[in-house]
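You will see chain A twice below: alongside chain B first, and alongside chain C after that.
Our next item is the complex of A and B:
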């Protein structure tokens, strides 16, 4: 990206969840379901003395993309780290289930999920985990009919059970700002020790879990600049491609074979990780 | 968490609803809906304790200065400073004023 492009581009990561959903849908087609004025906020956070957000941090936006029925599920990363609680999780799972139902009735509805989430909301524990499991099941159901596109643009990234949801998507888009991983950096540091993984060392963290690294490790399908136009165009291109012949998660044998080649006696390095995945998956 | 309620004189009921902001660190969420003729009702939930008088002063300055439409105004605050509070409320009223933008 040169200076002129940098100055003229419209940033995607600077937008809130609602605005992100709006720019991905055809202009004027967005209609929000279970919006903030329905006031379906978390009943559990309030009991724990935490201020709630009226939409529980999840925007369900119905509309059209290239004239065809679509639903965008946008997680607001600035609210409680985009964590998945009972309500927000149910909104995503329910919308995906309705999209699958639409397809069975002959209305080809596609879904885009914007992952800005640290994973389960710890204050809601098992209810959040159950909701994430429902999201996984709903993605696997819907992706049989139409592509489910995941986007992690940053700055929160995508962790925990929701990283599994991202991995189940038909196509996954990231920017350099994004991070993708099962455990967040602080959890790994706590478990493995600071010598192994220093969560405050930002260049190191991004070198292991950042968007660029995940792109070179064959774990995502597009690595883009932080630009509304670039991301929006890529979503439309993937939708035109349709359901992939083989989903990434169906290639688990190739992934397991790659993991079997990891030498755990050596400290993991970004270039070694890339090489292992590339050897196993770029076949 | 602390809850407060305030009321201020206002004009005609607002023409629609609007939302601004996020319950994120140093920020707040403002939801406005049409209120009863002549009166604006404000309810505040905030993560910061003991700032009732500051809230009253900030809201009086924003809502008491110019004649504004009557609204029901809900604030969910996560430690916003008075300047941010003022900007978010004004942003919500601004969204209200834009034609066709009465839905969030």
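Our next item is the complex of A and C:
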């Protein structure tokens, strides 16, 4: 990208969840379901004296993409770290369930999920975990009919049970700013010690879980500039490709064969991960 | 077929439920797959057990790690493939006693999130394909490990025992992330059911199909074993009577009323774009 392109580019990551959903849908087609004026917020946070938000941090945007029925589910990373509670989780799961139902009666509704989330909202612990299991179930159901597209653009990234949801998507798009991993750095440090994982070492964290590393390790499907146009075009291109012949989550043979080649006596290194997965997964 | 050294509660229940089945060869030691019987018909039983020799050092205590996640996917998908041409879809029973997902540098680097997705997708696809999938929680059912091994089941059954628990994160880490002390966290769990760690609080959420009393959760046998077997069979009948292979049987309890309310409202507003 040259300087002119850089200056004229519209950033995706600088947009909030609602605006991100809007730019992905066909112009003028967005209609929000259970929006902030419905005031469906978390009763569990209120009980604990935590400030609630009227949409519980999840935007359900109905509309069209290239003229076809679609729903965009956008998590607001700026609210409670994009954490999944009962209401926000049910919004995502419920919308995906309806999209699958549409497909069963001949309406080819597709879904795009914007992952900016640390995973389960610990103040709603088991209800968040249950909702995430339902999101997993709904993605696996829907992706039989239409591609489910995940995007993690940053700055929060995608962790916890929601990183599993991202890994279930038909196609996953990341930017340089995104991080994608199961366990948050603080949690690994707490559980395994600072020698294992130093949560304050940001270059180290990105070298392991950043978007660029995930791209070179064949764990995502597109690595893009932080640009509305680039991301929007890629979403449309993936929708045109349709359901992949095999989802990444179903490639147990290739992954098991790759892991068998890992020298587990050594600590993991980003360059080795890339080499092993490029050889094992690109075939 | 006997002489198994049972390294965990999960391993003990797996063995007790499959007295005439052998552990299938070719799987990693931490993932035990047994083709046994349920009500006189074939069923596949799967458990994750501790493996002190695990090549991945952060997955030696019964955690679900990289290899375990993908091996679970294999155990389920091979069962699906074997039944695909026939009429009968074998039941799959996940015997659940999983301390957590594996926390480590190797795990993150090689994409443990993708491995757990592999397992979750396999169980979900099996359920959608008509395999009755039952999750039997006999010990810990923690976080990502449960998402990979059991949470996609049609029906969840748990033993009513103090060491049986379902939760999103261990107490110390949960306290750190939420900027609370462990004591504060425990106090909140007393009044906020979804935050509690014990299985009776979890049961109030309506996610379990049955909570089963047992006398000796560590030593499966006698009446306990009969009760669990009867419950597995009842779950099988309930699943086969159910026309929907989804997770909707977990909704409807007052403690989760918003989960239902959100879906009702989404449905009401959905059509306009039809």
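We take it that the second predicted complex is superposed on the first by the 283 of 283 C-alpha atoms of A that agree within 3 Å, B and C clash if a C-alpha of one lies under 4 Å from a C-alpha of the other, contacts with A are read in each partner's own complex, and residues count from 1 in each chain.
Convention: a contact is a pair of C-beta atoms (placed from the backbone, for glycine too) under 8 Å apart; a residue touches a chain by one contact, two chains touch by 3 or more.
What you are looking at is a predicted structure, and each value in this text was computed from that prediction instead of being measured.
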item	value
Chain B versus chain C as contact partner of A:16, first or second or both or neither	first
Touch count on chain A, higher of chain B and chain C	C
Which of chain B and chain C A:36 touches, first, second, both or neither	first
First, second, both or neither for A:247, with chain B first and chain C second	second
Touching partner for A:128 - first (chain B), second (chain C), both, neither	second
Chain B versus chain C as contact partner of A:79, first or second or both or neither	first
Partner chain(s) touched by A:52 [first = chain B, second = chain C, both, neither]	first
Partner chain in contact with A:137 - chain B first, chain C second, else both or neither	second
Touching both chain B and chain C, residues of chain A	none
In the complex with chain C, residue positions of chain A that touch it	31, 33-34, 38, 40, 43-44, 47-48, 60, 62-64, 69, 86-87, 89-91, 94-95, 97-98, 102, 107, 119-120, 122-134, 136-137, 140-141, 144, 160-161, 163-168, 180-184, 186-188, 190-192, 196-197, 208-209, 214, 217, 219, 247-253, 255-256, 259, 262, 264, 267-270, 273, 276-277
Chain B partner contacts - residues on chain A that touch it in the complex	16, 18, 32, 35-37, 46, 49-54, 76, 78-80
Of chain B, residues touching chain A in the complex	1, 17, 19, 22-25, 27, 29, 31, 33, 45-47, 74, 76-78, 103-104
In the complex, chain C residues that touch chain A	55-58, 66-67, 70-71, 73-74, 77, 100-101, 103-118, 120-122, 124-125, 127-128, 143-144, 146-148, 151-152, 166-170, 172-174, 176-178, 188, 191-196, 202, 205, 207, 246-247, 250, 256, 258-259, 261-263, 265-267, 269-270, 272-274
